[in-house]
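In the two complexes below, chain A is the common chain; its partner is chain B in one and chain C in the other.
Showing the complex of A and B:
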């Protein structure tokens, strides 16, 4: 009886300790930076899209967007490789996660991190720790939407 | 002057993500999943295209655009191929992005070393 009280008390103290140690994100600056960085990344995307349409005026709009996203994915993957993207992510928060560059970063980053575990079990497996759920949920949702359109 | 719209809407969507991080402490995987599903829903209800007409990259570059093209691919493939389209359409439309992300991640993780553990 006495012992269980001790454990309870200890757990409570531990929880308070953890609560005190969790880094508090300052709300307003981080909202401002995520707005700024997110907006800038979207403007860069628009710039790439405009350049592609300028150089290849006959390209379909859908293909031009696909190329735009591929270029953005390339840039983000490279910046992750040289360690710059994580520095941006530290102050930009949502601004660096929500754009497609964040998706690219979420694939490259764990691949790089677990490289030492080998190519198959390190790079190839860990690559999908975050991208996996994204692709699964997207494919399931789009399949359901397609199925609904089939029957109406 | 449409760059202003791109900036404002793109920034707004990213700020929504940051609001989720601050007030619910959710992880980045959950944020990406949430926004992909929002994109699928926007496209399924036909709201995405009117926004995309003036927001352009502001809504196509955030992961919402990825969800929307998944749904768009599934819908148009269902119209041309029937049931098979529901299976193939989504991934077909986004194959470029997914393959690029996997390919570049593979190449760059072979070339570079992890910065956080050095």
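Showing the complex of A and C:
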């Protein structure tokens, strides 16, 4: 009993020491770059949306949004495929993860990674390893919102 | 003869051949000019990175046997290990050879583990010639332990870069070359670190434990060695080790360094440094072996560390245990008495020496290495 307490104390002291020693990520530059890149991605999205509305004046605004998302998802998948998106991600952090382009990247990258294991066991099975939790939480959240909507 | 954890070899097995193979990023690092063979790309002409790792190990084993100037039929046993599940790279590489195979897993400490086991077997005169090898590949390790390569995420500053490379050496009871004189087998040590991005901190206590055991068992001090080198603690881990040893009353001087910390140059964006089986294996079988053969290093304590973790265990909330095995390498008697002008300077920071060496050697070597490429 005594010994296990000793080990616990030792581990706690060691972990505290390590935490103090670890070089910290600089918060302000990271925040700046992520807002910069995230903002640029949003501007590109808005630009695409405006162009769609310009070229197809009869389109409803809501379907223009859907087409914008599809174009953004395609661009991000394409950039992932040619190995550019991970470089943007390294630089931007959350800025390129939070927009829908990050979601696209998180589905394309495992699909590329596991293509050698075959189409079904590789691509299809592993495709959602990273995006899976996002989809699950989205479905659960919409379910809860639906329930609330039903009773109000 | 043994004392607690340390075996002191009577017959002093000889390392008669060694070979190292690395990827292009490693070649651009500090040890670039010393490697035997550089791959053109990470795929090495194979369809997947796993297959590339197998081919790398095979190339290293064949290269070491050639370097030893023996026939493949003279080899009794192959000791090998790697980072992948079920050590597939090693076992699949071994199926193409016509000698017995023992698979080992010591994570990144596999090089010292295999050499210590091989030396023990040879010292007991059970087998005569044993090949030790290990390797790792950045892309396979990333897939196994972290995220897909193309995922746009950021690495924390404590993270390390898995070395793409493999090293192999041939150990024999007779011949000329550096000798293995002692081996300290390490215990598994866990100080409760559970951050998978901070392997240095998880493994440093194991390095401390083995180092203390080694100095205690052999009655040596850090000053007895020209070079004390850990495997892949990285920048952070080696700083922690220095602190831990100081707490124990042993001061590690300038003759201490870490392969991972020295591996890459500052602008290669590897944060804490190199890691993986290939890190210590390629440095030992290129740089350290060359210096031992020339007599520039007379006595080297080589002690790579390994983090014995799996993603399953860490996801279930387990901490990361570490292990460290140490071997002592001494240069051959014949070169021991050769005086080298740099002897007095040899303890000066390796890294600086590396850089100056590199600038002068790399240009002339560039052509040689390029012509060495097989494909």
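The rule we apply is simple: the second predicted complex is superposed on the first by the 128 of 152 C-alpha atoms of A that agree within 3 Å, B and C clash if a C-alpha of one lies under 4 Å from a C-alpha of the other, contacts with A are read in each partner's own complex, and residues count from 1 in each chain.
Going forward, a contact is a pair of C-beta atoms (placed from the backbone, for glycine too) under 8 Å apart; a residue touches a chain by one contact, two chains touch by 3 or more.
All values derive from a computational prediction rather than experimental measurement.
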Partner, of chain C and chain B, that touches more residues belonging to chain A: B
Which superposed partner A:52 touches (first chain B, second chain C, both, neither): neither
Which of chain B and chain C A:93 touches, first, second, both or neither: both
Touching partner for A:21 - first (chain B), second (chain C), both, neither: second
Which superposed partner A:130 touches (first chain B, second chain C, both, neither): both
Partner chain in contact with A:83 - chain B first, chain C second, else both or neither: both
Touching partner for A:108 - first (chain B), second (chain C), both, neither: both
Touched partner set for A:66, first chain B, second chain C, both or neither: first
Residues of chain A that lie at the interface with chain B and also at the interface with chain C: 25, 30, 80-81, 83, 86, 93, 97, 102, 106, 108, 112-113, 116, 130
Chain C residues touching chain A - in the complex, by the definition given at the top: 47-48, 50, 143, 147-158, 190-193, 198, 201, 205, 236, 239-240, 243, 319
Footprint of chain A on chain B - complex, ascending: 2-3, 6-22, 28-29, 31-33, 35-37, 40-41, 43-44, 56-58, 60-63, 65-67, 69-71, 73-75, 77-79, 82-83, 85-87, 89-91, 94, 96-98, 100-102, 104-106, 108-117
Partner chain C, residues of chain A touching it in the complex: 8, 10-12, 14-15, 17-18, 21-25, 30, 80-81, 83, 85-90, 92-93, 96-97, 102, 105-106, 108-110, 112-114, 116, 130
Chain A residues touching chain B - in the complex, by the definition given at the top: 25, 27, 30-31, 34-43, 45-46, 49, 65-70, 72-74, 77-78, 80-83, 86, 93-95, 97-104, 106-108, 111-113, 115-116, 119, 123-124, 127, 129-131, 133-135, 137-139, 141-143, 145-150
